[in-house]
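Given below, in the form of structure tokens, are the structures.
Below, chain A partners chain B and then partners chain C, in two separate complexes.
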Partner chain A sequence: MSILLRTRVPQVLTSLVGLFLLVTYFFELPRSIVDVANFIPRFCVVIVAIAVGVGTITLLNHHVSLIRKREAGQWIYSIVMLVTLSLFVVVGLGMGATDRTFSWIYESLLVPCSTTTYAMWCFFIASACFRILRVRSRESLVLLVSAILVMLSNAALGELIWVNFPLVGSWIQTVPMMAVFRGLTMGVGLGLILLGIRVLLGREKGYTGGT
Partner chain B sequence: MIVKGRIVDLIVLVLMFAVTYALMKSKWVPSIRKISAFDGIKEAIGRAVEMGRPVHMTPGTGSLNAMESGPGLIAGLATIGYAAEVCVSLKTRFIISLGSSDAIALADALLRQAFLSAGRPEEYDASIIRYYPGRDTIGSSLAFTNSVQGLIAREKPVANIMIGPFYGEQIALCEVAARQGAIQIGGTQSITQISIFAAMTDYAVIGEEIFAAGAYVSKDPIQLKMIAGGDFAKIAAVALIILGIVLKMLGVNLLPLLQV
Partner chain C sequence: MSERVEHYGTIVLYLLVAVAIAFPILNPIGLPMVVSEDTETYYKLVDSLKPGGIVHYGIDPEIGGFEELRSRMIAIGRHLFAKDARIVFVGFDPNAPGIYKMLIEDIGVPKGKVYGVDYVFLGYIPGLEIGIASYAKDIHALLSVDYFGTPLKDLPLMNEVKDIKDFSLIMSFSSHGLPLNYVEQISVPYHIKVAVCVIGVMAPTVKPYYPDQIIGFLSTPRMGAEYELLIRKPGIGIADFDAQTIAHAVLLVFIVVGNLTELKRAKKR
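Showing the complex of A and B:
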């Protein structure tokens, strides 16, 4: 595929669709044009569905390759993944997504696995907190002190130690933290608008491989 | 006829367009301040070359179609495209983990372009891209996070580049990468998640810096002028805030005027 087709055509299409949606957002236009504008997001759903298909093929390729190579410590899990995926697809297509069997597989396999792994994250979060809160500079000292104060303000023990801990914690969250958040929000908002302008003008090339 | 309640929004947008366009046409080429995180990418990849271990990159999880994750994903892919080009030119092994199915085609195009630019298109290997279903497919990033954690633990990358939409899963990813001793570069457009990157990574991309990735790495004068346009908008926004505070103190309420 030529570079023109791979980069310029998607950029031009993005610009045209973006400008069209902007015009329909800001101006009162005839019903037929508004209908076209409302249809575009639905068209995106179709693209996403195709993308999910591409994703599934990528996933299958990867796991089939692991099984073929008998990748140590991985290929057995790849078989489990392929069997589970096939089971879901067969039951889902055969009995429908609302069928009890389908819900049972989801609730009895996926949910417990997800909950268990999610629960195991707490150890990662604990060691991550230790890493974050080590005092290496003046800024990290500020972070440590603020974190301790906010923790004490949220824990019942904090109020028993000193009745004003909740007030201090609340002040940290509503004054200095909010000030930073608002500054960041403004910066990110303007950055977003500018990214949009760059995309509309076809100057943002990075995402299509044009850096 | 303009839709009621959107007149001020339109004026602001048109003004930003006009300023940006005027800057684009001007001869002035602004310089961009140093963003350590983007400079850190080369340093991290250089270390990977020295140690003979891979580089891991991910633009996070989310969807290009979602308003809250789409722009971040575009910015993340731009950064990853640049990092991939550096890796290809230095002949370093790298892995890209994707949590968004709709980003696969874009990542594929980026990689093909990177190998093509290096004059070695035949070396492109589709297995560089690892897709793990994320929020856009299954509504949760748990599968993505667990898979990437496993990948980092197995492959032991020297550098871990995470720029794009993240929703808390970066704690687990950064922690696993830190245990492997990886240099970490992270950034997201999500206000509530930036602090985690700031605390856990060696180089963090703060706030709107994430959207300057394309301009910073390409040093394209037009893109740099557009970034300068954003700075003018910021100055104008701060001036308007101060004006609003002064007028409020004088008893003038501007809010109804802004809602026309």
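Showing the complex of A and C:
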């Protein structure tokens, strides 16, 4: 595929659609134009749904190739992935996603695996607290004190020591933490506006594989 | 000595944390707690709904995060049904259909509440932010059937809802960045504030929008327990809170041990 088709055409399309949506968002326009602007996001939802299917095919190709190559330490897991994926697709398409068998597979396979993985965080965080929350400098002392205060305010222990402990934790989260995150959010927002302008002007080439 | 504390400390810590969590979950203690201002605000938001008010209930967590949100989702669902609110369940995360099935069993639909009249489930809408934008603009243009394949025009509840402005309250329960998309695609263009419930690690990212764009904000499992207390229906939130408290106590002891070890090491140096 030529570079023109692969990069320039998507860039021009993105710019045109982006500018069109921007204009329809900020200005009063005839109903027929607004209808087109309303149709585009709905069309995108369908495109995203199709992209899931395309993604699944890419995933299949990748794992089939790993199995063919007998990739060390990986191909066994690729088989597990393929079997599980096939099971969900076959049962889901064959019996329907509302079928009890499909729900049973979801609840007995995906739910326990996902929740177990998520629950493991608890041990990692506990271990991290034990190793990292140590006074080695003034900054680490601040970190330790605020961590302890937030922990006490989130658990009943704090209230048992002093009834207003939750207020201390709430203050830490509402004042210093919020100040930092609002600053970060505004910085990210400004960056996104600049990125948007670059995309609209066709200067941003990263999303089409360019540099 | 300090190396031994480091090595065995982690193993002992893992074991103690496991016991500290498992014991209260199996035998809830019911530790005392003060209801926080954020939980009370959220509770009042739901409690002030008029009977028949229509609520958007966004099932937006991935499955791992759902377990942290579960107590809050159940308690708020029960409160909504108790207030005779009509609920439109919908999800912008692919896990929504699976979670809906578990959630509706946990909430327990009260007798007399009818599917299609008092509550509906619209299923999963792909596209994240773009999905939210399309949904907010015109639900019937985006979807023609609910999750179970019933045409929306055959569901009395959906005949009263055309777009996001027809909801009395918009809620999102999420374990990732979706509440920010609600802010961008609902709060800002339609000037409608949303009520948000997130997992603990997401709180710093979402809280900057509270209370200007986000009207209600629940961010920790403790708030699930508090909500259960407010609706007087104790459930898994209370057990979660007990487990969290005991695990925190264990952690605090280990933080002290870790610092004493560090002090000893520094003295040696």
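Here, the second predicted complex is superposed on the first by the 184 of 211 C-alpha atoms of A that agree within 3 Å, B and C clash if a C-alpha of one lies under 4 Å from a C-alpha of the other, contacts with A are read in each partner's own complex, and residues count from 1 in each chain.
Please note the rule applied: a residue touches a chain if its C-beta (ideal position, glycine included) is under 8 Å from a C-beta of that chain, and two chains touch if they have at least 3 such contacts.
All values reported here derive from a predicted model rather than from experimental measurement.
Novice: Just checking: does A:Glu204 make contact with chain B only, chain C only, both, or neither of them? Give me first, second, both or neither.
Specialist: After superposing on A, A:Glu204 lies in contact with chain B but is clear of chain C.
Novice: Is A:Leu143 touching the first partner chain B, the second partner chain C, both, or neither of them?
Specialist: After superposition on chain A, A:Leu143 lies in contact with chain B alone.
Novice: Would you check which partner chain A:Gly55 touches, where first means chain B only, second means chain C only, and both and neither mean what they say?
Specialist: After superposing on A, A:Gly55 lies in contact with chain B but is clear of chain C.
Novice: With the two structures laid over each other on chain A, which partner does A:Val163 touch: chain B (first), chain C (second), both, or neither?
Specialist: second
Novice: Go through the superposed model and pick first if A:Arg131 touches only chain B, second if only chain C, both, or neither.
Specialist: both
Novice: With the two complexes superposed on chain A, say which partner A:Phe26 touches: chain B (first), chain C (second), both, or neither.
Specialist: It touches chain B, and chain C stays clear.
Novice: Looking at A:Gly187 after the superposition, I want to know if it touches chain B, chain C, both of them or none. Which is it: first, second, both, neither?
Specialist: first
Novice: Go through the superposed model and pick first if A:Gly94 touches only chain B, second if only chain C, both, or neither.
Specialist: So A:Gly94 meets neither chain B nor chain C here.
Novice: In the overlay, answer first, second, both or neither for which of chain B and chain C A:Pro176 touches.
Specialist: After superposition on chain A, A:Pro176 lies in contact with neither partner.
Novice: Return the residues of chain A at which the contacts from chain B and from chain C coincide.
Specialist: Residues 25, 41, 44-45, 48, 52, 114, 117-118, 127, 131, 181, 185 of chain A touch both chain B and chain C.
Novice: With touch defined as at the start, can you tell me which chain A residues reach chain B in the complex?
Specialist: 3, 6-7, 22, 25-28, 41, 44-45, 47-48, 51-52, 54-55, 58-59, 61-62, 65, 73-74, 114, 117-118, 121, 124-125, 127-128, 131-132, 143, 181, 183-188, 190-199, 201, 203-211
Novice: In their complex, what parts of chain B are in touch with chain A?
Specialist: 1-3, 6, 9-10, 13, 16-17, 20, 24, 63, 65, 71, 74-75, 77-79, 81-82, 85, 101-102, 104-106, 109-114, 126-127, 129-133, 136-137, 140, 142-143, 146, 154, 171-172, 174-176, 178, 189, 191, 194, 199-200, 206-214, 217-218, 220, 222-223, 226-227, 229-230, 233-234, 237
Novice: Which stretch or stretches of chain A touch chain C in the complex?
Specialist: Its residues touching chain C are 25, 38, 41-42, 44-45, 48-49, 52, 97-98, 103, 106-107, 110-111, 114-115, 117-119, 122-123, 126-127, 129-131, 133-136, 144, 148, 151-152, 154-157, 159-160, 163, 166, 170, 173-174, 177-178, 181-182, 185.
Novice: Quick one: in the complex, what on chain C touches chain A?
Specialist: Those residues of chain C that touch chain A are 9-10, 13-14, 17-18, 21, 31-34, 36-38, 62-68, 97-98, 101-102, 125-128, 130-131, 133-134, 137-138, 141-142, 147-148, 189, 203-205, 207-208, 220, 222, 241-242, 244-245, 247-252, 254-255, 257-259, 262-263.
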